[in-house]
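Dropping a structure here in structure tokens format, bear with me for questions.
To keep things simple, chains are lettered A, B, C and D as they appear, and every chain counts its residues starting from 1.
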């Protein structure tokens, strides 16, 4: 087995995507993330949008599955890295998965009409639309779109996402564009592969998970939750 | 990199610890587990004790950390194997870890007196002793010891464990021998390495975790738990 | 949040699937696994077949993804449970996934003809058929089928699996029934839910992974593999 | 079970460490990371140093344990998040663990003399010192220290780390300060808790792991490595 990569090398001549590690160390961290995943440094405009996207998803309260699994594993008497891994394991199709799915849709060649039609037929949701709390608009989504427009990004991918929303509204299902939908639209707009949709969310959320694991270290170990046996 | 192993090989001449896979397939599963971990088949007596140990730990209600983390990861929209992995991640020092620690103690050359003295000084518990519910005796522990005695195992390791209990009682800390302590004593008695203490527990509990993940598949995704923000 | 389960309870009246834990401790481990996953004790015949299935998959050499990931994580300086979890994480769609997929097919109402037709159209493999080494027959698969027949299991699910093989052969793709296909046929025959296909494999393989992690503990930490940078 | 946190809340009034999420979205991502882990925004100087630390560890070639385990799990047919989790699982005591250990030492009240004496007695390495390739100096470590000094950080923690190096050199073990040691010194200098040492490394390395998993998606599944059976 010999691993081949176009990502990085180690040793005296260490590089990341063709740039010397010393040079990478002079970039801000978010630019380095952009470089390693997209293969090129961002422009100032791309960088600003990317930072907004990442910061928007850094954490979201204590009760969601990734936080619960990370803190629960810590509570079983485990290391920082095992606990963080458990948090990331929770980030499945139902937890941040809408970003990837929405990116795939706005990057596809299917019309918004056809996509919405298919989703309705299959009884599935259109990813990136709808929110439990926000009925008029999701302020995080609006801020991301605004930041994109301020930086000159207002093209086809954002349009595609908004068309999905409009199509659905025309069918009497009027839902807000949520933060996942806005991230999907904007990341597609700056040219990112939809296969990285979940990866973006993982990178954004990892610092929040680390913070929760650190906080849990100060608690009593072995949290037991309430349960009831409903068998015979 | 070339991996070397004394455990098994694949292909037409597949073996496990020197026995042909066809022969292993004729063993019961628990004997095959014994073989792969200890390097030899159990006697009938060892096999009976080992089965009791494994079955005793197969599951223990819905509210403990491993069940919660496994079901929570499933609930995030993940595969069976990712969810089971999250359950196993929870099995840290505070969740089944007492077996390994107690095995290490009963296999050490330190006297029970010295061990108890050190634990009391360090303000630590003696592993394998004490139970929240059982004050007189832990019936699972008693059953494991009984099964061991019936099969002719009543030697030094079991004695060492009971001496730890007695030493502690002499210091006015009278605690029951719990199931972890009984497993540690009996597995040591049949000659198992303490470094496998956690492994035994993982193998025993994995079927329970699989059952919980399967059950969770029928629930609504994305379980959100109650939480409160106590920051400024 | 209140967890509800039909699997088990803890405490003085601890049960598994309605049976007292004390009773479960008298079962062999493989019968206890059967009970917790299927909700009932196996007959002697079911028990024998189930043991053969589990033992057949206990380990398969050192070079496959689950062994490599488990040993590599151990080599990073991690606990037994974190390392075993990494091994189980590797057991995805391409690693033991054929069991679940084949169980789903033999339990479906689709005809073998239609299934094979669809697979060929989509350019996909029929799960449970074909082997890199064995051209005439896979001896493990034969042993599992034999064991099933000896115990009186020779019904519709096994027939469905063999029909898939025959249909494919009729299209000039003559492949052996492999061990995954035999497990799928036999587990379906004794009435197991296909959603447990991956779970069965995880339970069977976990002892092998534990053995590899224990073996790796005696090696130097931080295994580095050969790699080459192919970027600009 | 009610989870309490001082980290963040969700919903219309979502905050992170007391700051509104809208405000956090205006911070650069690395400042948001700093905020969520340290509980306060960095000064411009702290921010610059922190960015250098994170970027320095973003990736390091294809052959180390975290890359191998992440790519191997992907190769088993798994999701992005399961694969990234396997990479993070590899980041144990022997893989990035020196940062945490060195932070603990430079933050302790023990003298460098005593620390080095103890380490030599126990036959252990002093964390943060020594490198396989660099004999004169590790350029990444130098760059991190330089960046710290340029930004006015040149106090006790950095001094403590350099004293460890000097003490060891006085005992005729002359080792370079490596990148882990420099990160430990500088993060301690800007007031970070050593219990976050591994967390910093996880956050820094996650983008590299995501990039490797994405690259592996384009490869054939089920990588098998070379192995040999050395048993009887």
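Quick note on the criterion: contacts are C-beta pairs under 8 Å (C-beta built on N, C-alpha and C of every residue); 3 or more make two chains touch, one makes a residue touch a chain.
Keep in mind that this is a model prediction, so the values were computed, not measured.
The chains that touch chain C as well as chain D are A, B. Path length between chain A and chain C in the chain contact graph, taken as the least number of steps between touching chains: 1.
For chain C, the chain whose average C-alpha position is most distant is D. Both chain A and chain D derive from one sequence, and where they touch, over half of the residue numbers involved are common to the two copies. For the two copies, chain A and chain B, the CA superposition rotation is 180 degrees, given to the nearest 5. Contact count check for B-D and B-C (C-beta pairs in contact): higher for B-C. Measuring from the averaged C-alpha position of chain A to that of chain B gives a distance of 38 Å. With centres taken as mean Cα positions, chain C sits 23 Å from chain B. One simple way to say how far apart two chains are is to compare their mean CA positions; for chain B and chain D this gives 33 Å. Those residues of chain A in touch with two or more other chains are numbered 1, 3-9, 61-64, 67-68, 78-79, 81-82, 85-86, 89-92, 223, 225-229. For chain B in complex with chain D, the residues that touch the partner chain are 1-9, 15, 17-18, 78-79, 81-82, 85, 225-232.
Taken together, the chain D residues at the contact with chain A in this complex read 1, 3-12, 14, 16, 21-22, 24-30, 32-33, 36-37, 50-52, 54-56, 58-64, 67-68, 71, 79-82, 84-86, 88-92, 133-134, 139-140, 143-144, 147, 193, 195-196, 198-199, 202-204, 206-208, 210-215, 217, 223-226. Residue ranges of chain B in contact with chain A, taken from their complex: 1, 61-69, 72-73, 75-79, 82-83, 85-86, 89-95, 97, 221-229.
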